[in-house]
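Common to both upcoming complexes is chain A, partnered first by chain B, then by chain C.
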Partner chain A sequence: MNLEGLREIVSQVLPDVHVFIGYAQGFDPLHATPLFVRTPEDINKLIWNPLCVHNLTTYLPFQKKKVGIVVKGCDSRTIIQFMQEGLIDREKIVIVGLPCRGVISVTKVLKAINYEQINSLTCEGETSVTVITSHGEHRFSIEDVAPDKCKTCQYPTPLVYDYLADDPITSDKPPDAVYKDIHEFEQKPLEERWEYWKKELDRCIRCYACRNACPLCVCQDSCIAETRDPHWITQKLTIQEKFMFHMIHSLHLAGRCVECGECERVCPMGIPVSTMKKKINAEIKKLFNYVPGTQPGEKPPMYIFNVEEKNIEEHKL
Partner chain B sequence: MAEIGFIPKDRLRDFLETVNKTIPVYVPCCEGDVVLFRRYAVDNVLCLDRPAHTPPKTIIFPQSECLFTFRFEKDPHDPKKTTIQLAEPEEPSEAIIFAARPCDAKGFTIYDRVYIDTDMPDPYYKKRREKTTIVTMVCPSPSPGCFCTAVGGSPANREGADVMMTELENGYVLESLTEKGKALLLYQYVEDGQAFREAAEAKQLEVKNLVHAPFQKEGVYNISKTIFNSDEFWETEIDKCISCGACTYLCPTCYCFNITDEHAITRGERLRNWDACMFFHFTLEASGHNPRPTKYQRFKNRVGHKFLYYPEKYDGVIACCGCGRCIRHCPVSVDIREIVAHLQSSTSDVSNTSEKEKKGD
Partner chain C sequence: MSEIKPKELRIIGFLCNWCSYGGADTAGVSRFKQPTDLRIIRVPCSGRVDPLFIVKALLNGADGVLVSGCHPRDCHYSDGNFYARRRLEMLKRFLPFIGIDEKRFHYTWVSASEGARWQQVVTNFTKQIHMLGSLHSKTGEQSES
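On to the complex of A and B.
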């Protein structure tokens, strides 16, 4: 975790960009927050540690001027996907890569400290955090409190960057573990899965945090969930409407979702919404052997049409 | 003189069970890692030690509410003639909100000024509000991001509550604050609580000093209108906002709504749903014009509504209860306390940051 190195790179980059997007300490010891660096003084507010959970690339498609940005390995896949879809001008983005050994899940830490009041938090390098609460001290290895995506991370080092703030890291996680949770979940009887989703989605308050945090949800103000004309989905708060919205969100991300997990991280109701997107990606992998946001030269499968698809049999019936 | 009752800890579920048989009781329950107000049931897991993720506002002001249903009918002898039948929804039933936080209850007082204490009360809200008894629990410890003391509240604030409950080691002391509250104390399992009055008062005093105030309430009146009306200020202040509705939908004082007719062929209903000033559609006009097309202008409205416009209209009352949900659950940790504090700083701060930001786009 080379913070000094990062700050030095940002000092070099800053005069050349309109704004540089990084992380700062948030409102309490457990939260980081996105920081838009405009002045050299702001550079001192930059942090880089396992609290830096956000995928900042979500801000990129809206930037009209040249910007700098820090990306972790997982976040960097979004940039590749953006490039493939023509959503950004690569020339107008300066990317500072941050090799990463995993971040924390705020939800998991809060649960692990039994929701005690946090007085301070210290990150010991990249491997552990110590939290001092009103009731005592808790020490965790990052692995124990990391979001699930970190546990199967294949790309700890960014796949695209102009500067790399630290030495590259190679993944030690088996590639076939990525969709293990999805395959396990699919083994459950249909009835059980149906009950599970009904219960989970019942909590949805249609705040659209999942949609707005998603860097690849690009319909923005014209989202089907809210348009009044045409009025595709009713504003009623029924389970059907909630399902409809989440299914559309998932399908719009078929072969595009880079599995950054932001949709699930930001959900104030703790709904495991990224499971749906992972399921679709698992299918895309099976059908097209395609992993979104990893090959800048390739076209995403939903952007092309082949008369003969190697792994799709239906049309031959 | 408030009447005082006491429920021993091991009798709490018996009490809730008994009340719930006659009036629906909504209690904070754990669902996975989330705490929500749910209708009491024997198998739900009560969670009183941390505030619920969602405030109880939905019980009185539902996120989606049917105002009436309609049905078009054609005259079988003359199909050109159509009549419309309207039907009112069912009357709301009585309800009890149990163990809300004092900030949650204060939220309802913010709505009351707008929906009840006016020449044109909102009948839907008014009926539910009158039929609901609110039992608050003195907040035992602050949660990340909460700041009730800075906006005129406190962990033992009584505003909006019918009964205030204080947790002691062996049970709960219940003080009735209204007639509705007194009625609740008549239920079985509520013992006489006079003996615990002093202990409860001591606890209330103790918790009052726990919440950190990022700005004094008086400071809110010093909001600089020059800064507030500067576009540059908002453009740099909330760059990071992703414009979702988490802050508004989790807010105990946000009361904006939208009305839509949801119909298919011959029948349908008129719905009232919560709206959020964070959304593009919030002020989108039928002409296609949107007076607040950017997130900056919309966020300005959110802060302005709570800290400027509402206080100006209602004798300086701030339309924020300081529960901290918008901070705790914000996907990118936008901190409204910080924004309000910046609105009070000197104007020179703004011009410094805005120089580079002056953009023509």
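On to the complex of A and C.
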């Protein structure tokens, strides 16, 4: 965790950019928060540790001025996807890459300490965190409290960057484990899967936090979940409407979702919303051999077609 | 209304204006006998069919959805059905994940002259949906209409 190196790069970059986006300590020892560095004094507020969970690239689309940003390996995939979709101008973005061995899941830590008051938190390098609460001390290995995406992370080093603040690292996780949870879920009978989603999505309060946090939900005020014309979903609190909203989110991300896991992280009800997107990605991989955010030279699969599709066969009745 | 069997299910068909809608018309003009469960919605092209149309129909009371367009390479707008093919295939593989049988959704290509083929498609698809039964009584969901 090379914080000094990061601060040095930022002080070099800062004169060229309008703002530099990084992480700062949040309102309590467990939370980090996005930091917008505008003056050299702000640079000292920058932090870099396993608390830095956010995908900051959400701020990038439609930026007109030159911006600097720190990205983890997973976040860099979003930048590639943005470039493919023409949502950002690469010239106007200075990317500082941070190789990352995994972050923590705030929810998992809070659960493990039984929601006690946190007095202080120290990170021991990139491997463990020690949390001191009003009731005692807890020590966690990052692997145990990491979000699910870190457990199968294939891209610990950013795929695109201008500066790299640390030595690159390679993934030690097997690539075929990425979609293991999806395949396991698919072994369940159809009825059980329907009941599972009905139970999970019934908790949805339609706060749209998943959509707002999603870096690739770029429709902003024109999102069809809220427009009245066309009126896709109503304000009713039925399971159909909740289901429909999540279908809109999932299907609009088909072949675009970079699996950053922000939707699931921000969900106040703890619904596994990223699972549906992951399933679509698994199919996109099978059908078009395409992994969103990793193949900058290619076009996203739903934007193009082949006259003869190799992997699509006509369905017979 | 004694002609309509009480067991009739709700099947929604999205047909492209140029081929399949014409094909359905040909089947009608030729007086081919077809099941009456299908309700047809005419769309300009199969490329106009958003996968969300199908999901919305299935969630809100339909027991099956059929999408039909021009044969590949025969699209009136030259490439609409190629885009449709990718989207619909993706949806077909996604539906079972959320617990909806993929057999409830079918997409196919029927040209304006293929009245007999249209009859076959409708008959077979309706039969398939009848074998699966109603989606909504089975899952305990009440359709909203």
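Heads up, the rule we're going with is that the second predicted complex is superposed on the first by the 313 of 317 C-alpha atoms of A that agree within 3 Å, B and C clash if a C-alpha of one lies under 4 Å from a C-alpha of the other, contacts with A are read in each partner's own complex, and residues count from 1 in each chain.
Basically, a residue touches a chain if its C-beta (ideal position, glycine included) is under 8 Å from a C-beta of that chain, and two chains touch if they have at least 3 such contacts.
Since the structure is predicted, the reported quantities are computational estimates derived from the model, not experimental observations.
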### Message
Taking the superposition on A as described, I'd like to know which of chain B and chain C A:285 touches: first, second, both or neither.
### Response
neither
### Task
Look at A:66 in the shared chain and tell me whether it touches chain B only, chain C only, both, or neither; answer first, second, both or neither.
neither
### Task
For A:190, select first, second, both or neither according to whether it touches chain B, chain C, the two together, or no partner.
second
### Task
Determine, under the contact definition given at the top, whether A:266 touches first (chain B), second (chain C), both, or neither.
first
### Message
On chain A, which stretch or stretches are contacted by chain B in one complex as well as by chain C in the other?
### Response
none
#### Entry: chain A contact footprint on chain C (complex, rising order)
51-52, 55-56, 59-60, 72-73, 79, 82-83, 85-87, 89-94, 96-101, 106-109, 121, 124-125, 128, 139, 141, 144
### Summary
Residue set of chain A touching chain B in the complex reads 18-19, 26-28, 30-36, 38-39, 54, 58-59, 64-65, 107, 110-111, 115, 117-118, 134, 203, 205-209, 211-213, 220-221, 226-228, 231, 234-237, 262, 265-266, 268-270
#### Entry: Footprint of chain A on chain B - complex, ascending
31-34, 36, 49-50, 53-54, 62-64, 141-145, 236, 239-240, 242-246, 248-250, 258, 260, 262, 271, 273, 276, 279-281, 284, 327, 329, 331-335, 337-338, 353, 356-357, 359, 361
### Residue numbers on chain A that touch chain C, as the complex places them
182, 185-186, 190-198, 232, 238-240, 243-244, 247-248, 250-251, 254-255, 276, 279-280, 283-284, 287-288, 301-302, 305-307, 309, 312, 314-315, 317
